[in-house]
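Each of the next two complexes has subunit A plus one other chain: subunit B in the first, subunit C in the second.
So, the complex of A and B:
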């Protein structure tokens, strides 16, 4: 059976002044799967995700997200968790969820409250008082409680504790049972996340190095982490 | 999803976002606001409280209070420039604040027109400015009333005669010009984040050009010291028209730049 792709990039190039971030990148992300986007620092992973939501514009090439060019106009179907993104510090957790219900289309407030409860977030706590791990959990809820077709996570595990990582991973898996969607996770924490990947794409210096089914790679090489080490060490 | 519901939710959030800026001591515009409010507060606290509690203060002191009050709240180069500057300062800070607080990724990916996003920032800045004007108006009226009834024999008591009307007139001018300066602030904020060379440099020059332009044209009649006695309605209407027209142009320029030239 031929694979369906939610996102397709063809010969996409992007440079910041003299630095080439993406170099004629051609890659596709399968629909309805969790794809791990992996690569060393400066490989172009974050730039790629930003392009999909229209935060960065390509210099050359074409990008298709569900058949359309990226733009804020199509972001009602996409939840994006920015790298090092913070939520509004003066809001409480409850206010953040209520605000998200208004500004994010298809935000399920009941689901968000249930997730907050299961992730041990105090609704009365002000966001600026939350630990990094708790704030990461809130950010995850703000994405997963949206009934959208595509979720992009840019470093969702960065700098947070093991318990929070496990809770985040579990919630991503649960969300796929509730409502199948396409998820792309860009992370350095391969060990924690690799069990949830259906598909993996490795990029380096703005070019694709390898793209394959995660299960197949695990069978052949033992783990995604060992494939990563083999490619980049 | 109702767009107006989204808009007012953004306005409320932007207003709160703005309130974090008072903690940002490094900002020059905060220092300007702080200096003005501090001067006003000292006058209010010393004069108002002493008089309010019926304590005897010297006529000389009461006279000084009146002089400072008169300077701080009636039309003159300082107050008008200050009142121009505040709406600019409020909104120019709002957009960079999204970057500084790490919330810009969420904000810029919202699936709404850039007009809606920037319009909400303009509205939030405008409301903050209205709040400032109300504080100035109420406190100055309060102090005027206290001095008028409790210390009526000071030498410059005459200055208080038309003070309420003069304050109202100053606030009205500031209000009429605020659409332009609010949009200037937002546009400045957008340009500071845009991949465009040169424009941020010439922007302060445009700001000054408008102020100098107004003061060197017949429109300056609205700033004359006795204009409050017989307001030049036509000039006031023109000032408002110019303010709204320039504000609209700047606003659409800013939304265009935000959509096409701002990257994260």
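So, the complex of A and C:
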């Protein structure tokens, strides 16, 4: 079966002053699948995601997102959850969702409210009073309630409680049914997340180390977590 | 009658292909007659959520069970276990034959004769 790719990077290089973040990186992300983008700290994962939404520009190489170079014009079709992203602290949950509808293209306020309810978020709670786990749930809703073709998650599970993680995972699974979409998840919580990956890409020092279908990796090598350990320990 | 996720009680091991485990465990539950004929199975969405696995994984397992006519997906109604007992008998025979063949392979690898293997089988605890 011929695989289609929503995103393709070819020989992409990026350095910050003297530090090389991406080093002639060539990778592709299959359309309509959940891809786990894994690697140690400093591997270049966050840089890669920022490039897809045009926040960082490559020094060399080509990037194609649905056949186009990244630019703010395409960002209406992409929901991006940055690592350590914060929302306006003084808004309540309900105000945040209403504001998201104003600023984000294709934001489905009804869906967002339903998700907030199922995730047990109090609409009257002020964001600055939310626990880390509850704030992570809100950040997730702000991405998943957008009717977009591509969602980028940078560390959606980090530093949060088990129940919040479960709820986040279940909502990501649920969202796959509403609208076909391509999802990229960068995470260090591999054990929590690996069962929802279709595809896995391992990168290190700005280069691709291994990329394969998740079930294929399990057949040949075992769990994604053990493959990670084998590659990086 | 509806079968919920608790009755199915699937246990997944992340070190092996998840699709195969779902398929294997449902096939064995059917062969053991743990699941009532004609009963409704959880939807792909329900099972994927409960197991916290990618929906494609559950879909693949259901497709395979559909192909073997062990389950039947009816548009707008859901997925049901076959109402035909002969389909269950058939999968049971197939799984048993598979197990016997693998047993014979192991015995041959050990250099056991048919006779010796049979007498061991007789003595074995059931």
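Brief remarks on what is shown
Going forward, the second predicted complex is superposed on the first by the 233 of 233 C-alpha atoms of A that agree within 3 Å, B and C clash if a C-alpha of one lies under 4 Å from a C-alpha of the other, contacts with A are read in each partner's own complex, and residues count from 1 in each chain.
As a working rule, a residue touches a chain if its C-beta (ideal position, glycine included) is under 8 Å from a C-beta of that chain, and two chains touch if they have at least 3 such contacts.
Nothing here was measured: the structure is a model prediction, and the numbers come from that model.
Superposition of the two structures on subunit A shows subunit C fitting alongside subunit B with no clash. Contacts of A:74 after superposition: subunit B is touched, whereas subunit C is not reached.
Of the two partner chains placed by the overlay, only subunit C lies in contact with A:195; subunit B stays clear of it. After overlaying the two complexes on the shared chain, residue contacts for A:176 are found with subunit C alone; subunit B is out of touch. Residue contacts after overlaying the shared chain place A:20 against neither subunit B nor subunit C.
By the touch criterion defined above, A:94 lies against neither subunit B nor subunit C after alignment on the C-alpha atoms of chain A. Once chain A of one complex is fitted onto chain A of the other, the partner contacts of A:209 are absent, as it touches neither subunit B nor subunit C. Once chain A of one complex is fitted onto chain A of the other, the partner contacts of A:34 are limited to subunit C, with no touch recorded for subunit B. In the superposed model, A:226 makes contact with subunit C only, not with subunit B.
Minimum Cα separation between subunit B and subunit C in the superposed model: 27 Å. In the complex of the two chains, the subunit A residues touching subunit C come out as 33-34, 166, 169-170, 173-174, 176-177, 191, 194-198, 214-215, 218-219, 222-226.
By the touch criterion stated above, subunit B contacts subunit A in their complex at residues 1, 5-6, 9-10, 13, 16-17, 19-20, 101-106, 108-114, 259-260, 263-264. The touching residues of subunit C, counted against subunit A in their complex, run 12, 14-19, 45, 48-49, 51-57.
Taken together, the subunit A residues at the contact with subunit B in this complex read 50, 53-57, 72-76, 78, 80, 82-91, 99, 102-105, 142.
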